[in-house]
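Mind looking over this structure? Questions follow.
First chain written, first letter: the chains are A, B, C and D, and each begins at residue 1.
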Amino acid sequence: MTEAVRLDGITKRFPGVVANDDVTLSVERGTVHALLGENGAGKTTLMNVLYGLYEPTEGEVYVDGDGLEVDEDGEYAAPPRRFDAPRDAIDAGVGMIHQHFMLVDPMTVAENITLGNEPRKWGGLAIDRDRARESVLDLSERYGFDVEPDATVADVSVGVQQRVEILKALYRGADVLILDEPTAVLTPQEVEDLFEVLDELTAQGKTVIFITHKLGEALEAADEVTVLRDGRNVGSVRTDETSREELAELMVGREVVLETESTPADPGAPVLDVDGVTATDDRDVVAVDDVSFTVREGEVFGVAGVDGNGQSELVEVITGLRDPDEGAVALDGRDVTDAPRRERTRAGMAYIPEDRQERGLVMEFDLTENGVLGSQHDAPFAAGGRLDWGRAGEHAEGVISKYDVRPPDARATAKSLSGGNQQKFIVGREFAREPTCLVASHPTRGVDIGSTEFIHDRLLDLRDDGRGVLLVSSKLDEVRGLSDRLAVMYRGRTVAVVDPDEVTEEQLGLLMAGETPDSVPRAPTREVTGAAHE
Amino acid sequence: MSDDAVEAGAGTLDRLTSVGLRTGIGLVALAAFAVVVVVGALTPGTPLGRFVRVLFANSTVSAALRLSVPIAFAALGGIFAEKSGVINIGLEGLLIIAAFGGVYVADVTGSVWFGLLGGVVTSVLLALLFAVVCIEFRADQIIAGLAVWLIALGLAPFLSQVVYGSTNTEGVGTFRTVPRMLAESSLPVLSTMVVDGLAWAADLPTVGALFSATPVVYLMFVAVAASWWTMNRTSFGRHVRASGENPKALDTAGVNVSLVRYKAVLLSGVLSGIGGAALALSIGQFSGSGPTMVNGKGFIAIVAYLFGNYNPIGALLSTLLFAGLDALQLTLQARSLFAIPSELVRTVPYVTVIVVLALFGRTRIPEAAGDHYESGEE
Amino acid sequence: MRMLIGLSRASGTERLLISGSALLLSVAIGFLLVLAAGRMTSCGSASFSLLGVGFCYDPFVVFDRLFLGAFGDLAANPLNGQFATTLAETTVLLFTGLAVAVAFKAGIFNIGGQGQLVVGALATALAVLPASSFVSGVAGTLVLVPFGLLVGAAAGGLFGAIPGALKAYADANEVITTIMLNFVATSVALYLVQNHFKDPDSFATQTVALPGHATFPSLVFPARADVSLVALAFALTLAAAMAYLLARTAFGYDLRTSGLQPEAAEYGGVDARRTVVASMTLSGALAGIGGAVYVLMILGNFQVGVPDYGFDGITVSILAGNNPLGVIPAALLFGVLKSGSIVVDVGTDVPPELVGVLRGLIVLFVAMPEFFRMAGRYAGLDEPDEGAVATDGGESG
Amino acid sequence: TGGPEDDGSSGEDGTDSPDDTGTPSGEDGNGSADGSAELNVGMVYATGGLGDGSFNDQAQTGLQQAAEEFDVGYDESQPDEVSQFANYQQQYAQSTDPDYGLVSCIGFLQADALGETSADFPDQDFMIVDEVVENDNVASYTFAEHEGSFLVGQLAGLLTTQEFSAGAGSTDPDSTSVGFVGGVESALIQKFEAGFLAGAAHANADVDIQTTYVGDFNAPGAGQEAALAMYNNGADVVYHAAGNTGTGVFQAAQEAGRFAIGVDQDQSLTRPNYSDVILASMVKRVDTAVYNSIEAKLNGELPTGDLVALGLEQEGVAAVYGDELGSELPEEVTSAVESSREAIIGGELEVPQSPSDVSE
């Protein structure tokens, strides 16, 4: 075998955190190598080291896309690489496609691909745009991509953007391609397409490293898997010699139950009524298109879909952060379409927002202050416009202890907490409202398995307590596991409401891609005629 | 027709309508303007008729061009800085310091051209300070820009006091109009022919002003064209835009973001330096009491490029609009055409800016403008 | 704007250290500037020499005059005119500083304090004058002064609400609209006074002087001092009130939240638009009160050519880290600088514009806490005695 | 080059006491006051400061002249704001080291502040220019600006109706138009305007007069544009009463190849770059007022409590022909102006003080 990449004893320390701890990794030329691990395991950091974005605290990097040469003593012929900046890594044939795409939205596909390496003419006085286009077309033809060089990046789909990223790396002559969680934003079909692309790349001698925390993908697409836990390499295995269970255990460090199971629901009266809602996004493009559904007491109503299909806008309309163009929202039978957010909160709606750091918490505030967010004008915290910080402090401490927020310090600022603890605090605060209806949007995004389990259990508790829960998530196992009924959104519409226990993953995938499979199990819908309102 | 096509079509349509709104308002304004012009032209005796005559008078146009110079240069500078992600609200300060530096160097060397150069150098030095503070020390750009303004506002009159004993400097030479310069130059054959030609052209109605302007006015047009080209056709321009939209993308593409930003901010220093020096050297004196002779032109420049949507040509057009209003207000006052008190007429450009901003407030600023960027920061 | 707010993120102690270091560093650079200027000008004999090089200006004297001169001879006469001027300047700067700070806390950069102050001042002068003929004596003062303050607040508040509304409902950048409105306010005030409310007996473009009973009583200071401890006490009370409002009321919570994180504020049920308008109105009202105090305490009428209190308010607020209580020392510092610059002008040959440069430098250094953190880390290694300051400053970084 | 001439060899320690700050006079003419002079003068200039080439500079001329001729020391200061006047005046009034025998206050904006200050310092002598402060320790000097302006108005009105060419300018025989550029609109500046309007109308009732107030005494750029607008609209001569804004008027005159009239000082001398377009200047002898007050103070004759009104008769104002162009003015024009001067002095000709009183 020939190694294309060798990371030798890489340690990367941040103030207070050891992100990578003596990691050694070897990647064979012309293969796909998966890097697996939980949130915060250090995967991205390790690859940033390889890409020259970070300088390792300790350790050495060897790269050669054509395979590292070894002399008689087994020593590497070439000295280790020092990458001071991505430029150096690029020159050494390393390309990286980041978790968040590194594309300039208002620029065209061709401009993005050639960025930093523009072909020039007239002695550098102008970019040779024809040559740039041709190179892009050549490249995409060679690898069987289908991209339009003159399209604006902001206008193309996520899948295409990802290809642009890959082309960008190839344009720079990358032989080693790093993809950081490339599948997180893709539909199942797009994932399949991506894996084909990876095959094509390795067939042409490229080496691919891809990061994921999805076991199935690692097994399906990679030749070899390396698992990181707490910044350490806990094992490298060939995919044909391992199993899901083994990988899961390596990843978490203990045996894990891979599925959440919930008891059957006992739905009652409607708590949330969404009726023909149409709304536009920030760019004034229709994002939610005539969506209707009802959430009842004692049930979890799930909304699945690939991100960006109108779920965010729908949630914003329901929670009062966005005005619908048409349609109505009713809470407990009362029309709240025009009610401001504060009124909805008072009427019993709690809301776990998808973006905890933008919306759910004021990062500069401490937990005491964050604990009253949304109730700052209401008893028991406010009286006559004056805030009772003593009571607010008690409240925050209550949430902290009940939801195991760490560190257990009501004076700690929100930004000093880790993501999972931030999320637990929000969950606790929203649950403390004792809502009749909870809107939970991606409640476990970026949260590790332990906290995820905890949050799932709380959601089910709430449901069992006879409250209505609207759960929006792009994690299929989550929505399938928790929901009693499941709506799939595609391009702003609910394409189907299905029974999550009956529907298969393939059927869901097709629905999420906008196609209707022949037989989809419909979710049972009960009319509430005669059902008593509490 | 597939869903994709429908969706794409709808998106484009939506974008078209939002662009359309802007164009629409523009068209309505243009139509209203056209009506005024036509009615005015048809009724020459009326105040409206005289107003239209003033509007198209050679003198109004040439005043507008002259008044445009400092604003347009500062606006071009502002475009480069802000497009690269560094909001430079210190343009006013750069103009001030360049105005003083220009006069001082012109005074010492006796040459307006060296004066212009001197203005550029002083402005670049201040811009460098701003760049270091923003890029190296992660200062808040708005406050640092404000500081640049305040420093120049104090330093220029201070130096003037030290050197000349008063906040107003002594008089130095000024830029002459090009025909005059040619006439005074020692190229007899060429200059008489060209001078005659220019003299003939200068008498043309309205556009005549273009043929008897000072070199800095022509330099302004050159700078606008060059800025447009640089921004849209060169690698540097592309890097500048990427650095303002998504610096991380530029960084990971192997381009040094800090370097791009340094260059862009220094370029804003160069351009503002030309503008400030040209302003002072058109009068041959720096006057530094109160808000100094720059008197808000740097802020108008910001409005001009925002209104011009970061396009150098758009910025020039909006600069001409504001400068034109200013020129018009002076002419209208001198000819007492309308019985509007002069103090109120003077507010017209400012009120226009506010109205324009209220109507076109949604200029999209570069995504990363105002944010500090550090390579390697997750 | 995100970074703007970042200024307030630093911890309290760190803020204090940064502001202090910024001040010291500015003075140090000002020192060099005075020396340099002393080489650029000519004089018969040196007033200062260093390492055998002579300088025309003596920086020690300059800064002595600047900082101590502002207090006059306190030992001989604690109520001396210079100290009175310092307190008067401080009083007005307290209002404009608070105005800017409150807006900053709400995430709005109000550069329009100057215009709001002008409008408030003019409105006060115009409203109090006719009213002053109805009441007189001490009772008159008790009625007229609060009335004047109220009018100033209302006028300034309304004028501040304009950019607020433009920002909230038309997305117009307040930095630009407020700058433009400053020009508008000045011109309109000139027009109104010149054409409609001019004192016919004066060459100056000013309104008729208010009778003595319509202005702030000087109480302790002699009448000519143009300073009133009542006004100063009122300013200090307002500073405390603003601190209370921001820290302890639901409205203050809304305001801070929308300033720090507008999305989170919206999530928390804060009507972002109304908060923007409300905070700009409050900010404008504070600046307007500053204008009223300028008229009722310093000038006794309205006259065109209002000093740059509004712009100085920005500096004051930035130096105070936008903390209403921090505004108190910051306003005092700038009161000292303004008053001291007069002493410098009269007592030395150094141009008083020096103070303008210092003001700019202070703002610049306050804007770059990172510089001090770096310097702190560096000094922490090399120079233990300065390291104490620096490491404290760097701790939260 | 700069710095102290003795370059530090005087060996003075930098940290000497604050009392000892007198900087020796340098080329900027700052003759610091100290205890040794017979009289120390504290000079508070009008806002706008020195370098305006007119009003404040004129006051400084008188001060410097007095300092040269008598044993007089002085300190100068340039307030930026009206609200600072009182403080500056007090600074000088209360100073004992040096003791200022006379505090000169330039400009009408100082009147209100001086009213109070002079009452508070009854033993201190003051003088004020352009306004009257009725206190026993204040000598007030005012000028009949309208009278002088009348003469230059007449000059302009006569020239615009004829063909005249001199220096870098010439009149346009087809138009009869003159212009006035004011600084900030105020009753004082309107006196200049009124005199000019009356004079121009006196010369020729058909003269078209354009008036612009720039709104600033220190905005040469705006002055330039305002004047250019006038020249382009046919004005042959533009008169300014706008401080340093007037520099722009001269610049415009050169660009347009027309004429301008200066103010306060003989600007053909103080602004020599423009002497080829400056026909005349309406000189206002602020220097005389300052000089006289100092001289009077030295002689113990300062007219405190009085108003000294300086008109054409007292030569407090005068129309002074340009250094370069004056000799080229037609004889009949200068003699007409001269006879008006006599008529005004003689009382036969009354000059209005406000533009609204100018009979059409």
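Please note the rule applied: contacts are C-beta pairs under 8 Å (C-beta built on N, C-alpha and C of every residue); 3 or more make two chains touch, one makes a residue touch a chain.
All values reported here derive from a predicted model rather than from experimental measurement.
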Minimum number of chain-to-chain contact steps, subunit B to subunit C: 1
Pair exhibiting more inter-chain C-beta contacts, C-D or A-C: C-D
Between subunit D and subunit B, distance of the C-alpha-averaged centres to the nearest whole Å: 35
Whole-Å gap separating subunit A and subunit C, where each centre is the average of the chain's CA atoms: 47
Approximate Å spacing (C-alpha centroids) for the pair subunit A, subunit B: 45
Residues of subunit B touching at least two other chains: 167, 343, 346
For subunit A, residues contacting two or more additional chains: none
For subunit C, residues that touch 2 or more chains besides their own: 40-41, 187, 190, 194
Chains grouped in pairs wherever the two touch, ordered by label: A-B, A-C, B-C, B-D, C-D
List of subunit B residues in touch with subunit C within their complex: 89, 129, 133, 137-144, 146-155, 157-159, 161-163, 167, 288, 296, 299, 302-303, 306, 341, 343-344, 346-347, 350-351, 353-354, 357-359, 361-362, 370-372
In the complex, subunit C residues that touch subunit D: 38-50, 52-61, 64-65, 81-82, 85, 187, 190, 194, 198, 202-206, 209, 222, 224, 226, 294, 298-299, 303-307, 339, 342-343, 345-349, 352
Touching residues on subunit A, where the partner in the complex is subunit B: 44-45, 48, 51, 53-55, 85-87, 90-91, 96, 98, 101-107, 111-112, 115-118, 120, 124-127, 155, 168, 172, 283-286, 491, 514
In the complex with subunit C, residue positions of subunit A that touch it: 321, 340-342, 345, 351, 353, 355, 358-365, 369, 372-374, 376-377, 382, 385-387, 389
Touching residues (chain side subunit B, partner subunit D) in the complex: 57-60, 62-63, 66-67, 160, 164-171, 173-174, 177, 279, 282-285, 287, 289-290, 293, 295, 326-327, 330-331, 333-336, 342-343, 346
